[in-house]
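The following block contains the structure, expressed as structure tokens.
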Amino acid sequence: MNNSGEPGKISFATKKFRFSDWFAERFIKVVAFMSIAFVALIFIFVFREAFPVFRMDVIQKVGSENLVQERYGEEPLTPATANPVSGSDIKVSKPSSTLLARVWMPVSDNPRYGLIPLFLGTLKVTLIALLFAAPIAILAAIYTSMFAKPRIREVIKPVIELLAGFPSVVIGFFALMVLATVFQDIFGYASRLNSFVGGFAMSLAAIPVIYTITEDALTAVPKTYIEASLGLGASRRQTAFNVVLPAAAPGIFAAVILGLGRIFGETMIALMATGNAALTSINPFESVRTLSATIGAEMAEVVFGDTHYSVLFLIGSLLFIFTFILNAVSEFYFKNLVIRRYQSKK
Amino acid sequence: MNRNRKDIIIESLTGISVLLIIFIIVSILAITIKGGWPNLTWKFLSEFPRDGMTKGGIFPAIVGTAFMTLIMTIAAVPFGVITALYLAEYAKENSVFAKTIRFAVKTLAVVPSIIFGLFGLGFFIGFIGQNMDKIFNGGVLKWGQPSILWASLTMALLTLPVVIVSVEEAIRTIPVEMREASLALGATKWQTIKRVVLPGSVTGILTGTILAISRGAGEVAPILFTGAAYYLADLPHSLSDQFMSLGYHIYIMSTQSSNVDATLPIQFATTLVLLLLTFSLNAVAVVLRYRIRQKAK
Amino acid sequence: MENLKVRAINLSLFYGDNQALKNISLDIPEKRVTALIGPSGCGKSTFLRTLNRMNDLIDNVRIEGEVLIDGVNIYDRDIDVVNLRKKIGMIFQKSNPFAKSVYENIAFGPRINGITQKSRLDEIVEFSLKQAAIWDEMQGRLHNSALSLSGGQQQRICIARSLAVNPEIILMDEPASALDPISTGKIEELIHDLKQKYTIIIVTHNMQQAARTSDLTAFFYLGELVEINKTEIIFSNPGKKQTEDYISGRFG
């Protein structure tokens, strides 16, 4: 016969060990596993640096000796050691007891790490951003998937998704240079940079996220729903809002949740456009300081391992937990809901 | 036709939302171009900053961004391609392991970028770097401080999901008939991947790489305290050097500079450079991805 | 009369809960053409794919029973599927050349078997193309993309590609269903030539094709093997009413 080897010579009766296949499969699996490991490592290392905040507290409660932690040996900067005379002043000696204070004043003789203004600031900016981003993005997605002619849709989608490619520092710069001035001219408030400007700018970062996922969710609604509704004499608007929108609701919630995650983790826009003053006010035209901006602004200046450093990591841990939960919710809850809906109505 | 006034108003509202978004995109582009174009000269691109960064160019920031994204790519792309291979070729859709990996990738994609910065500081600099110094460097500070290496690796982690998603999508467009042809000829799974699947996903790997570069070049938060420098008189010479970056340059020039107004042209021109860079990369990726999807049809 | 090459014993296959093959038992002789006919969806392709374990690639497939090739049960635990597939060529319904040159398509199999010597590869490529009766057409365009060829040529390239690994059995799943009559004629001629050397099992829904090309014909219906016999007998004097109905065009 012709070619490589005689026919019948190849035996398949016993398994042959092929090293390259054996190795490739294991290697690929191990590398893929690293993604899980990375998430775990992020978890561990962000929390590890945050943990001393609480330990400092415990140590001082028990003995109020000036125990310095082993790991951060040289830093004599726990408040008690930095300020030994005020041993009776409880507020000063426990860094973690100031976490619930109304003041964020990490760099002072009497440092206070009150997270409340930061939380409030983040909440305020996030709400403002979401109030802009969600309706605009969802309406735009409805237009794209329901009302636009196919040819126009082909153009709109990639154009809007271009916005996702704008680095946030560019959006921040635009907010700082242009939006702040424009809004100040319109509304006439005092502080040029504030939660309104910052929130609006952040909505620009969230719009493409919400838009894309919403558009996908709307497009995934079976055509038969739409045809049935139109067949019954409903207008396209009625069909869009009474049939398609409810059917796609879980997907749209997931979109908003992910947009939310995008907003409150946003650092550069917050740093550049919110004014960064840790005020406790509900006025949208006052400056605020968000959680992530606090990390961004202060981490470069802190002493490695001191209380302030750990508190910033604590803030990071909170941000991480929060996005993790949001992601898990959108992933498991809403995804299952979407699947179940279409299955039950098929 | 029962198109009443209400229909018309609400439909218009949805259209207006689209127009508003497009208007904002165009405004950002137009204003950046208007402010940056006059200063965008060869000199600006090829010179170091001068006079306390109030004059001169952004050469080191361009080079720093390029180096950083290069190292990032070297780290992120192989990892991303292999993970995508696992997800598309080896994983059983319903296995817990595969689902966990997918969830992890998704988590990496949504974790705020500042958290990556914290991780880079805590893990790469504080843990790996400081231990490297202890073990290899006799405790002398070299790796246990911000550097282009740690910033790039931090950024690689951030862009990993971008690579994975693009490559997996491309791998999945390769028809199952191609794999069957190869397997039916007696190729092993790995031979099939090496000779059929990978060559068929080159465009997808390229797309993922470009998207990752575009993302990495524009992100600032992860490098704020892992390696980016305010000003350097010299280009980075080693992996342990700090570097200047375009995005960080925009940030400090517009917020920390002693005389923000005087440097406005520099700020706008730097923003324009960064925007053009990320934009053109994204445009290339969009075209490539479109071609992959067409081919799949 | 002949050597037995393939034997299925009580073979059943399930896609999840859906049973696609029901207790199939049949014998296929060496160096003959065996045609599998039956209405669409009756399990012909599924059966064919059990013979080189292509169904392993599909999730949730369960197989019961045995398939013996040269007397060895290919569903035994210790079977080397890769080597099994080297022994069995497969031609698919939709021709599936790789997006490579004609030469590289044919050389694919030899290369994965570790042949790197250029002269040896040249030899195999030429020999395989000649066996597939397409050498004359391809001689000058070996380095053109296989995707630039016509459908009939692509299918014959796929046949040549599988011949290059020197199989003993060739499985063909409706190899000419997408081709024009002239290309179909060429493939049928080729099948006739190839049976000198190879055991061929061909799925077809074209009864004339089965009548023209095959020595034996097996009729499948709803996942069951209704009957298998010499092709002349099946087409002139079938044993079962269902077979008669099918070949006389009353259903399917």
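Order of writing sets the labels: A, B and C. Residues in every chain begin at 1.
Definition applied: a contact is a pair of C-beta atoms (placed from the backbone, for glycine too) under 8 Å apart; a residue touches a chain by one contact, two chains touch by 3 or more.
The structure displayed is predicted, hence computed values, not measured ones.
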{"item": "Graph class of chain-chain contacts, one of line, ring, star, complete, other", "value": "complete"}
{"item": "Pair of chains whose C-beta contact count is the highest in the structure", "value": "A-B"}
{"item": "Longest centre-to-centre distance from chain B, chain (CA-based)", "value": "C"}
{"item": "Whole-Å separation of chain centres (CA-atom averages), chain B against chain C", "value": "48"}
{"item": "Inter-chain centre distance, chain A versus chain C - centres from mean C-alpha coordinates, in Å", "value": "55"}
{"item": "Gap in Å, rounded to a whole number, between the CA centres of chain B and chain A", "value": "17"}
{"item": "For chain C, residues contacting two or more additional chains", "value": "82-83, 86-87, 113, 165"}
{"item": "Residue list for chain B, restricted to those that touch at least two other chains", "value": "188, 191"}
{"item": "Contacts with 2+ other chains: residues of chain A", "value": "18"}
{"item": "Complex contact set, residues of chain B against chain A", "value": "1-4, 6-7, 10-11, 13-18, 20-22, 24-25, 27-28, 31-32, 35, 79, 82-83, 85-87, 89-91, 97, 100-101, 103-108, 110-119, 121-123, 126-127, 157, 160, 164, 188-191, 193, 214, 217-221, 224-225, 247-248, 250-251, 254-255, 264, 267-268, 271, 274-275, 278-279, 282, 286"}
{"item": "Chain C contact footprint on chain B (complex, rising order)", "value": "92-93, 175-188, 191, 195-196, 199-200"}
{"item": "Parts of chain A lying in touch with chain C, wherever the complex brings them together", "value": "1-5, 7-8, 10-16, 18"}
{"item": "Partner chain B, residues of chain C touching it in the complex", "value": "52, 54, 57, 59, 82-83, 85-90, 92, 94, 96-99, 108-109, 111-113, 158, 161-162, 165"}
{"item": "For the chain A and chain B complex, residues of the former touching the latter", "value": "18, 20-21, 24-25, 27-29, 31-36, 38-39, 41-42, 45-46, 48-49, 135-137, 139-140, 142-144, 146-148, 156, 158-163, 165-174, 176-178, 204, 207, 211, 233-238, 241, 258, 261-262, 264-268, 271-272, 292, 295-296, 299-300, 304, 312-313, 316, 319-320, 323-324, 326-328, 331"}
